[in-house]
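Two complexes are shown next, each including chain A; its partner changes from chain B in the first to chain C in the second.
Right after this comes the complex of A and B.
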């Protein structure tokens, strides 16, 4: 009996079903994650701190794409455009208009959301492969504007960004904790991952309430959704607004952290990377987007750091064989295809299988 | 007939190019009535449903629900007016759980938007709790308790049929359209379904429009029956009247030579 009761508690209230962290292990896990968030910036060197800041920014973009593709079933190749709009938005709102911190971020995300909303109606007429082609067209138009609308974007040479994350004298780039000054990377690491938690929670809340169910209903069976009163127009456009708003927010954070943006940052490859992140991480699971983003952002860096001890690989390709970069690209493709074939629900599903195993331990199923 | 009319279908004609799917179909459904439509394959039964739902736009004719006109309205608007429906080959959201499917039936009775949903704590959570409570009554009625948290895709066919009825019922409909609720079911499941349909009709007083091939099922359940063939009404009346109608016998068994 003790075996049975140890891992499961009876739920006696409907409210218990709605709790964010329902089981004891999940609650412990949440506390652990906060502890990691607090400790990691202190433990990581500058290089890895940078990697994890980018992983956090990518997570926000991936959450956005998951809301659109994973939850609503609309595949879009245009995600990089909205990311780019956010990045240039940060440059314009913060540097030229001089808006203070939360405002330039909100403004940049809103502009991304509005442009995304304009793209939404295409999804009402087209689905599947046709929507992918349309979104590719959007990407080409976006690229063209980024490169040629010089007065706004600075053209091919790009533009410097000074959008600071600072309220009054509290500057994320120059935090101090108990008298110890933190580096810019450490400050951003705290801030970006706090944003990931905030936006991830918001996305999760949407997913588990009325609008989230409506999005998934449209994904699974759009005609049946209409017949029970779920408006496709409303929720498809809503999903585009939300998803591109997330992308633009990520782009704005990227601009603020990198301090320089150019059209090359927002290419087709970035769109594909976002799609790969949600495929590897887990389609239709918010935390899957974060897993995928962290995995695919850190993997190339991990390979880079162990490349010295890998055969046939050298940093610059001088010893014959692969360069680290080409190995990365190859692995990236192989991973995406492998996940699609063998674990279409991604890392999130693997994680779920592990937890389920321990939930029913010592019974094997 | 002195009972109050809930649904009035008048002179419905639906054409696809040169094909006439329905021609001059007229019938009424009373409040609380269990009205069945029978007919051979391709007779136009599901087309009638699709017109009622707003999926098809009939070229001629009017459909009135109470004093509201349904013709020309969108499926979403018609759902909000209280017309619920199940599909012949299931219209469930297969990646969602049974509970989520049923909660989706209450979509038009709920208010949480993308914005208030994102905030969760407060109105959104309160609404989730309240609706969960009312869904439990429907789960109990259709005996779906063991499946609440299972994705629909994992369930056997007979249970899925029940989930779809539960979802339609969750909409608190004035009129429930059931498209072949017993199709593909074994005898035991069919009997269960008949019991659920009668319970819903008698205890909740929901008027129903039923399309079905299983004659025993229809004859036992329906108050009145309409027989259609080639998009035309052959007969309307009580089961005994329709059973004895010569044109119905012809359509089903062929003309005696």
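Right after this comes the complex of A and C.
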């Protein structure tokens, strides 16, 4: 018995399976993460704070896509559209309707979820490759609407957004901590990563409870899932609603932070980036999506900062050689191919190998 | 009426280019079960390779043939190095990996040839022909003729040649084909090679005339997706039918829909094929000519 109580990683009853932080190291890790969250905005400069805000926003979108692709097995290339709906939603609900902070975010996310729910029926009728290309079609149609429905989106000239994250006098853009005023970037860094934690935990809770198991049953064999009583209509459409809601929430935060949105922000490349994030991070793992989002958002910036010393790269491509953007795209391609070939379970699997080594030390397995 | 004839011809020309690209999708899909998003990269690479050979004063036909060989080799190389390791992975893996290859191919082209538009140097240029009051672009006629020849060649090859029969056998039952001495790996490599050859023919006709070669040539392949889905991903007849339908619909909607319904937006002809595709998919989930997949629990 003493072994069991000391060695908490052994699962002896159902309650152990349901526990959020299963072991002492996991609890320590959680505390450590909170400490990093508190300290990071103080340590990062303005530039890197911006990068990490975008990484946090991307994490939320990637978590949403992971719920759909990693847990339910439905691939969507249309997530840029839901992200865009969230962004325009923020512009409309906050600016035109004048809704206060939590309301515009919730409204934007709900609209994204409802539109995602409309895409659900396609998933009931189509599978695999056909579904992917249908979602590509939805992306093209969505982009066309963003560009041409000028009364709502402002067309190609884009829309300025003033959706403020503020409750009463507490404005995230102008926080002060112990008399020290924080910059807008630092404030958003706190706020966005708090949102990542909140939505990540929510997703984790969904994934490890009854609905999550239903989704995974559909992923593994949808006909068999139906036979044991998992309603495909219910859960597939539900997964689309949830996942697009996450994407729309990320889009709304993006609009609020960037203060300007244009249809060019929501291209096919964004959708592909989301897919790449969950693949690089680790498919079917919530923390994997966060790892992947941070990795793929920071990498181009790292390349950018060292590009001055790379001989074959020039800033604008005029003096021969690649632009930084081209290099990033090529690198992005190489990375996705490499990960899929050599580490198909992504960064999360690397992390798991490391932890397993320490867990079972001094034995090899 | 003359306008209509002109649009009809332009639509058929665009449609036959789409058919070539769709056929490449279908060949690869039947052999490997992979939807090849990197086809656009092969198309743009083939167009650039042809341009380069013409710039080196190789005669046009020979340049196209050599470019086809090179691009076929690139296709087979991709299959050998990347796709072959991917057997048994889920759908999104093959899609994402071909997308990754697409990005690499595109940036390879910019590394080699830069960002500026290059004029292909084809023998037709911008010449036109007047026939019963209808102005016809010479290149359109050649596009239709050459695509038709290529498509008929492929169909006859599939039906009668040893290789074609082997490919169909491997597609319909890999194990039985293996038992008869057909190597599925070889077939998959050859399918990618064929995709490369088709890409060059398509790329040359897309980039000929006043259009020129740059990276946007690769986007045309993306616009051939609705055509491939419309016809059915595993049907060669469907590829041709889908390509022609989408080409015609695209040209006709640009000609007649945009002036009459400006509120739809100026580039609505890009969206119409996708709307058509979605509508057809809801009625026939495997396309017009595709075979329905049989599922067992």
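Quick note on the criterion: the second predicted complex is superposed on the first by the 337 of 365 C-alpha atoms of A that agree within 3 Å, B and C clash if a C-alpha of one lies under 4 Å from a C-alpha of the other, contacts with A are read in each partner's own complex, and residues count from 1 in each chain.
Rule of thumb we're sticking to: a contact is a pair of C-beta atoms (placed from the backbone, for glycine too) under 8 Å apart; a residue touches a chain by one contact, two chains touch by 3 or more.
Every value quoted in this text rests on a predicted model; they were computed, and no experiment measured them.
In the superposition on chain A, no contact is made by A:27 with either chain B or chain C.
Once the two complexes are overlaid on the shared chain, A:223 sits against chain B and chain C alike. Using the contact criterion defined above for the overlaid structures, shared-chain residue A:272 touches chain C, although it does not reach chain B. Touch criterion not met for A:11: it reaches neither chain B nor chain C. By the touch criterion defined above, A:355 lies against neither chain B nor chain C after alignment on the C-alpha atoms of chain A. When both complexes are overlaid on chain A, the residue A:238 reaches chain B alone and has no touch with chain C.
Comparing chain B with chain C, the partner in contact with more residues of chain A is C. By the document's definition of touching, of the two partners only chain B reaches A:212; chain C does not. Residue contacts after overlaying the shared chain place A:134 against chain C, while chain B stays out of touching range.
Comparing the two interfaces of chain A, the one with chain B and the one with chain C have residues 221, 223-224, 227 in common. Those residues of chain C that touch chain A in the shared complex are 29, 35, 82, 85-86, 89-93, 95-97, 99-104, 106-108, 110-111, 114-115, 222, 225-226, 229, 233, 264-268, 270-271, 274-275, 277-278, 281-282, 285-286, 293, 295-297. Chain B meets chain A in the complex at residues 53, 55, 74-76, 79-80, 84-85, 87, 91-96, 100, 103-105, 107-108, 110-114, 117-120, 124-125, 127-129, 132-133, 167-168, 171.
By the touch rule above, chain A contacts chain C in their complex via residues 69, 73, 75, 122, 125-130, 132-134, 136-138, 140-141, 144, 147-148, 221, 223-224, 227, 268, 272, 275-276, 279, 283, 312, 317, 320, 322-323, 326-327, 329-330, 332-337, 340-341, 344.
Chain A makes touch with chain B in their complex at residues 14-15, 17-18, 202-203, 205-206, 208-214, 216-217, 219-221, 223-231, 238, 242, 284.
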